[in-house]
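Both of the next two complexes hold subunit A, though its partner changes from subunit B to subunit C.
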Partner chain A sequence: MNSVIKSVAYTLTHAPDLVIHAGTTQTTERIVNPESEYLVALPKALRKYEDAVNYPPNQTYIGGMTPADLEKISMPWYENGTKSDRFGKFGEITPQEELYLVMQICDCFDLVMLEASFAAGAAKQIESHPLFTDEIKARIKPGTEIAVIENEVKENGAEGLYHDNKLVGCVKKAHSIDENLSAHVILENLVSKSTSVISMMNLVKNSGINIASVDCVIDCSEEAVGDMNQRGGGNLAKASAEIVGFTGATGFDVRGFCAAPVHAIITAASLVKSGTYKNVIVTAGGSTAKLGMNGKDHVKKGLPVLEDVLGGFAVLISENDGINPEILSEYVGRHVVGSGSSPQAVITALVTNPLDAMGIKITDVDKFSPEMHNPDVTKPAGAGDVPESNYKMIGALAVKRGELDRTELPNFVTKHGMVGFAPTQGHIPSGIPYLGFGREDILEGKITRTMIVGKGSLFLGRMTNLFDGASFVVEKNSGTTDTGSISEEQVRSLIAESLRDFAKSLGGE
Partner chain B sequence: MDLENQKRVKELSETHGAENVVVILGAAEGEASGIAAETVTAGDPTFAGPLTGVSLGLKVYHICEEEIKAEVDAGVYDEQVGMMEMVLNLDEIAAEMQSIRSQYTKF
Partner chain C sequence: MAILANKKIVAIGDRDGVPGPAIEEVVKTAGGEIVFSSTECFV
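Then we have the complex of A and B:
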């Protein structure tokens, strides 16, 4: 039996000071061009937390509004936000103060120091938060004097943690010479871990799952956790699972640039379908490196820096319950070594090959979810409307295959696509953002089938020039369950029972 | 343009001579094509990479421009680029590329 998408959570974390201090566009600029106008103008272009909460694409990501609602709002969306709530039906938008506290909670090696009054303020903030359990809160450590933190940053190579441009804490290096345990890397890894933890806390609430019944966690974020003897040694998954309290779970990491989440979900779906595990969570935290990635273009064009949030998600994949949408494990799309890297070859490998195997047409998929980048972010940076381009490509292939009339191409984009709403956090936009809405749309009978497509640029790691990608189809549940079918043993027992009854009736009892 | 790609373009020009190098782009938009074309002709307009202040003046085309299409086997072109031809704004890209070439290409 196919496994099902049982529940989904999406979270964002507003991190304006990390844009300045940890985003690679900014850290590169400080090295290459330290006196640049951009670095001077940047702090004033950063948004306040409320603006990030009210921003329509962010609200869509956490389920505060649907992609269809977002489409009705005129662009640029950053000018048309309305007062919104921190919590949406899929998750929440966490403020930076709480992120720093969660980083301290997630730190198992006394590497995070927070100034005492800042730490106390953040701890007070999360007191009223519904998802922080007593066990998680018990991990909060007391704050430190600011002079100690200043000294760590100045003398010992610690990375400063800033809030409102003021030093409020630091992340210390975890080794004296190992670059993989430098303060910078530890900061990146702890942010990824923390935002994954926040996403999984929201997933626990959304799914109502008993935390003891989670068997396995797969992390598919972008960071390499390890030391100089094993740079990408990993298991951020298990490290995060520990904090949330999944005491019965094992875990491992899946990497593959932006395609990692789709590879991870295919893996999870197969692990559940095979019966190895019953409940697997696929999770990803956010990437500090990508904060403000297109900041230069945004500032130059007078926009706020829109890439000021870290993305996160968590998906619960469970055995078939006869209700939730199924992942069709037998028909995954794969960009293989021999596929080729032209857009046409990529779309053929990811979209039409699996559909051909299923014996259906492109137009039989109600909604496609390729890279769901927010066009408010990408268009001013000269990268165009990424989801729209993907829909046009899929539609154009349908035209080439004779499945769609060329005049229908614009309609195809509207009918089978949606507007992009995901933060440009690499792995985050890659197909997964629609999984929550897609699950609901299928459950409500609005659609019967969606295809999730992830793509990855492997050349960035300089090991191959190959492209990568994977896809899977999610479909309305066929209605039969794992427990609904009858095993051979059950059949034997039923026959035995009726024979006994028959014998009894012969005996006149 | 990616800093590493700038470095590779610069090195290839130095190795083979700028007059012998043709850069073929595959960007999805006029603006992005223009920025990449400007980078390999006038120099990096973002002042970030190895081509900052380096005017290579290379010949640069987009894969969807007629000049390049005429050089490629029609069957291969249709298989590799046919779908994208339907998707891209070819006139906008060609106009942007011609504008950059007329201003900055030296060969």
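Then we have the complex of A and C:
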């Protein structure tokens, strides 16, 4: 039996000061051009928390509105936000103060220091938060005097944590010479862990799952956890599972650039389908490095810096319950070593090969979700509308295969696609953001089938020039369950038993 | 295509558009010489 998408959570975390101090566009600029106009203009171009909450694509990501709602709002979307709620049906938008507190909660080696009054204020903020359990709150440590923090930053190589451009804490280095445990790396890893934890806390609420019944957690973010002897050794998954309280769960990490989430879902679906585990969570936290990645273009054009949020998600994959949408793990799309790199070769490998194996056409997939980057962010930076260009390529292949009339191509983009709404956080937009809406659309009978496509830029690691990608199809549940169905083997066994009984009865006579 | 013949070409491809190796193939068949090719990820 196929495994199912049982529940999904999506979260964003507003981190404007981390844009300045941890985003690589900014940290690089400070090295190569410290007096640049961009660095001077940047603080004024950062958005307030409320603006990030009211931003329509952010609301779409957390389930406050649907992609169809977003499409009706005129672009640029940053000019057309309306007062919105921090919480959506899939998750929430966490403010920076709470992120720093969660980083302290997630810190198991006394590396995070928060100034006493700031820590007390943040702790008060989460008092009324419905998802912070007593066990999680018990991890909060007392604050520190600001003079101690200032000294750590100035003298001992700690990374400062700023709020409203004021030093409120720091992350210390975890080793005197190992650059893999430098304050910078520890900060990146703790942010990824914290935003993954926030996503899984929301998943626990959304799914109602008993935390003791989670068997395995798979982290598919982009950070490398380890020391100089095993850089990237990993298991951020288990580290995050510990904080949420999944005491019965093991865990491991899946890495593969922006394609990792799709690889991780395929892995999880197969582990559940095989019977190895019953409940597997695939999770990812956000990436500080990508904050403000296109900031220079945004500031140059008078836009606010729109890449001011960290993304996160968590997906619960469980045994087939006869209700939730199934992951068709027998028909995954794979860009293999020999696939080739032309757009046609890529779409063939990721889209048409698995559909051919299923015996269906491109137009039989109601919605495609490939690389759901927010065009409000990418278009002003010259990177175009990424989801739209992917839809055009898929549609073009449908025309070439005779499955779609050429004149229907514009309609194909609208009918089988949607507008992008995910933050440009690498692995975060990679197909997964639609999984929550897709699950609901299937359950409500609006669609039957969706295909999730992820792509990864392996060449960025300088180990290969290859590109990567993977895809999977999620379909309406066929209605049979693991417990309610009977296998062919069981039928044979029952018939054999009956025949044996019949033979015995004949012998007795 | 003749515009590429006997020219030295720098190819910058896009992960979500046309990647470098695909541009290389086109240039080769058009008689150009690739002196640098790269694929970039703009997101």
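Criterion: the second predicted complex is superposed on the first by the 486 of 509 C-alpha atoms of A that agree within 3 Å, B and C clash if a C-alpha of one lies under 4 Å from a C-alpha of the other, contacts with A are read in each partner's own complex, and residues count from 1 in each chain.
Heads up, the rule we're going with is that contacts are C-beta pairs under 8 Å (C-beta built on N, C-alpha and C of every residue); 3 or more make two chains touch, one makes a residue touch a chain.
Just so you know, these numbers come straight off a predicted model, no measurement behind them.
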Tell me the contact category for A:Lys400 with respect to subunit B and subunit C: first, second, both or neither. first
Can A:Pro343 be said to touch subunit B (first), subunit C (second), both, or neither? both
Considering only touches as defined above, state whether A:Lys455 meets subunit B (first), subunit C (second), both or neither. second
Using the touch definition from the top, say if A:Phe467 reaches subunit B (first), subunit C (second), both or neither. second
Does subunit B (first) or subunit C (second) touch A:Lys392, or do both, or does neither? first
Which partner does A:Ala41 reach: the first (subunit B), the second (subunit C), both, or neither? neither
Look at A:His373 in the shared chain and tell me whether it touches subunit B only, subunit C only, both, or neither; answer first, second, both or neither. second
Is A:Glu29 touching the first partner subunit B, the second partner subunit C, both, or neither of them? first
Thinking of the overlay built on chain A, is A:Ala383 touched by subunit B (first), by subunit C (second), by both, or by neither? both
Touching both subunit C and subunit B, counted on subunit A across the two superposed complexes: 342-343, 382-384, 389
List the residues on subunit C that touch subunit A in their complex, please. 14-22, 25, 38-39, 41-43
Can you check the complex and tell me which residues of subunit A touch subunit B? 28-29, 32-33, 36, 296, 340, 342-345, 347, 382-384, 389, 392-393, 396-397, 399-400, 406, 409, 462
Of all residues in subunit B, which touch subunit A in the complex? 4, 28-29, 31-32, 35, 46-48, 79-84, 86-87
Report the residues of subunit A in contact with subunit C in the complex, numbered from low to high. 258, 341-343, 371, 373, 378, 381-384, 386, 389-390, 424, 426, 429, 455, 457, 459-460, 465, 467
